[in-house]
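We just call them A, B, C, D, E and F in the order they show up, numbering each chain from 1.
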Amino acid sequence: MATVTLISDEGASPDVKAVFDDIRTTRGGDFINNFWRALAHDPALLRATWDRLKAVMGPGELDPLTKELIYIAVSVTNACEYCAHSHTAAARAKGMTDAQQGELLSVIGMASQTNALATALQVPVDEAFKA
Amino acid sequence: MATVTLISDEGASPDVKAVFDDIRTTRGGDFINNFWRALAHDPALLRATWDRLKAVMGPGELDPLTKELIYIAVSVTNACEYCAHSHTAAARAKGMTDAQQGELLSVIGMASQTNALATALQVPVDEAFKA
Amino acid sequence: MATVTLISDEGASPDVKAVFDDIRTTRGGDFINNFWRALAHDPALLRATWDRLKAVMGPGELDPLTKELIYIAVSVTNACEYCAHSHTAAARAKGMTDAQQGELLSVIGMASQTNALATALQVPVDEAFKA
Amino acid sequence: MATVTLISDEGASPDVKAVFDDIRTTRGGDFINNFWRALAHDPALLRATWDRLKAVMGPGELDPLTKELIYIAVSVTNACEYCAHSHTAAARAKGMTDAQQGELLSVIGMASQTNALATALQVPVDEAFKA
Amino acid sequence: MATVTLISDEGASPDVKAVFDDIRTTRGGDFINNFWRALAHDPALLRATWDRLKAVMGPGELDPLTKELIYIAVSVTNACEYCAHSHTAAARAKGMTDAQQGELLSVIGMASQTNALATALQVPVDEAFKA
Amino acid sequence: MATVTLISDEGASPDVKAVFDDIRTTRGGDFINNFWRALAHDPALLRATWDRLKAVMGPGELDPLTKELIYIAVSVTNACEYCAHSHTAAARAKGMTDAQQGELLSVIGMASQTNALATALQVPVDEAFKA
């Protein structure tokens, strides 16, 4: 039901196979989720997207679970069905508890609400907030 | 330039003043930002919004800074100008470093990009992701 | 600061002038707001947009104020700054009271919140809701 | 297919059961739609969301059907699939006619279009619109 | 699973049938996609939408395929599932190659990313960009 | 008014200066727009964003102007004020005529409208559209 067919391991070109291999090595498992199999229709876009994802979501100043929570927040606000599923699953795999998920949802709900109110009211930015 | 006038301390009704007082006590400072001064046109909405915000953003399973980062992620995705400013300022006040802000932006940018790709491709949700 | 210059009455071509005249007659006033002066760069788009707006927002099954409230709800959710201002002004001109505006904001805030929650949770549609 | 399992009546904790009971009493029926069964994973969020929804959507300055139309407008603009279904069903239950639904859609379509045009043109807000 | 039932050829009123006939003549085929069958519940909205679509997407300064690519870009950003499918199919019918689709996705992904960054950073508009 | 200060040429670190130099060489001019000066707070994000932008917007299957039109379509739908300005300016620099801009706006407006209608109606995807 994608707008392209999904690329199986058998149908993967060498360029695609190289990315699939890197995903498997990086994640330590055999599973390649459908996003990459759909993106594989354009090997250059697949490579650029995976390389950047690996760099962005890797170790840094923010811990990996925090990054996943931020990713979920953006995905939900963009109404991305696939991404809500895939990044919720990823957050669970990185240790998100039920209580943390509940708080994440509470913050997302709160922000969505006050975003709409601030926009409706066209609140002018306080001088104190300017960098 | 708001769609309502802002309520000053002098113009605040007792119900509004009670919320302003609670904001000051909770935050430990005199500053009331414009969002609350605009919302004060509807004292019941002001009260409900503030009470909920205080509950949601208070201590819990996620630390206060993580909650602010999630708040920023939602606000940016909703293109809320005021909220991008106010919650970036709030995150800084809670200790967000330049390096953390850079990673936050990187994750928001990455998620925005893959959200669009997943939606364009209409990627079907993997069985493995279903709860 | 628009991405096009605004068309003054003096700079209006006959096609543009005809639309401006119809706006003035329909609204019973001389004021032409900037939206139409910007759109006037493309007389055909100006004409199509105005004709459709006049038909949609005119008398019907829903009263004119209700239509404006719906218009505001969409505009706020789309984060359209200009539209939040112009349609709030239009709603006031059609009789929106402060109390009604407060309830409008409350509903918009509530919907924004539950929209995000339903998307985050990927709630399956109940059989009972299907047409 | 939700990102959480749905809570049945049998699986409901006392806190959840209390909210379910209130939903049934308020709505005068036995049906609990999936949104609440998903949200029930976090009893505090369930309670806060339901209490606020009941207050916001209850009797006030705007009639209940008008509130539902506004709710639909926000939900559609946020691309919330579940919410489009559930609030269209709710509006019908509150008396929305086919003709009213047609006008609602016409206003939503019109607003979506002019929102995009105003944003593309970056139309400056008229002085006359400022509160 | 639509919020309305779909109107079949047999169930079409004369007004609806006239639009269906025009769609068939214009497109040179018998197929009427579900969008029009759902919209047919409001014959006036069906007529207005089809007439405008025909005018906008017809021959002009931009070639038909370019128009479809723009349509896909908007639809994806609005997270419109149906529209992503229908306009991707339309673009293919108008000659979109796999390589063009890959570039389209790359641009959509890039724009989504920098849009989020510019909003997060609240970058002030350069004087040089003002019309 | 950005959420960060803008980095001047004098304040640029060697890593930032290298990107600024590449922007100047690639574009054949001295002007560095504010987006890059804001992004320069995170040299790694600046580098990754610029490198990707250069690759995506360069010569390919779609001509540079078509890519800019797609970029504008996404930016407008995301309500990105800065991006609407900067990419409209870029499209003009690449030869966009007034008539082409009018058609671009017409398509964006049309898509915005039918996106909302398709979502409101929750139109099921036609079998014929599936890849």
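Everything that follows uses one rule, which is that a contact is a pair of C-beta atoms (placed from the backbone, for glycine too) under 8 Å apart; a residue touches a chain by one contact, two chains touch by 3 or more.
Bear in mind that the values here come from a model prediction, so they are computed numbers and not experimental data.
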In this assembly, which chains make contact with chain C and also with chain E? A, B, D, F
Which chains sit in contact with both members of the pair chain C and chain F? A, B, D, E
Counting residue numbers used by both copies over all numbers at the interface, does the chain B-chain C contact come out same (over half shared) or different (under half)? different
Which of E-F and A-E has more C-beta pairs touching across its chains: E-F
Which integer distance in Å separates the CA centroid of chain B from that of chain D? 21
Just how far, in Å, is the C-alpha centre of chain E from the one of chain D? 26
Starting from the mean Cα coordinates of chain A and chain C, work out the distance between those two points in Å. 34
By the touch rule stated above, which residues of chain E touch at least two different other chains? 1-4, 45, 48-49, 52, 74, 76-81, 84-85, 88-89, 99, 102, 104-106, 108-110, 112-117, 119-122, 125, 130
Quick one: in the complex, what on chain D touches chain C? 1-4, 31, 33-35, 38-39, 45, 49, 52-53, 56-57, 60-62, 66-67, 69-71, 73-78, 80-83, 85-89, 97, 99-100, 102-104, 106-126, 128-130
Spell out the residues on chain A that touch chain D in their complex, using ranges where they run on. 79, 81, 84-85, 88-89, 98-99, 101-102, 105-106, 109, 116
What does chain E use to touch chain D in their complex? 3-4, 41-42, 44-45, 48-49, 74, 78-81
In the complex, chain A touches chain F at residues 1-5, 48, 52, 55, 125, 130-131
Chain F residues within the chain D interface of the complex: 72, 76-77, 79, 81, 84-85, 88, 104-105, 108-110, 112-117, 119-122
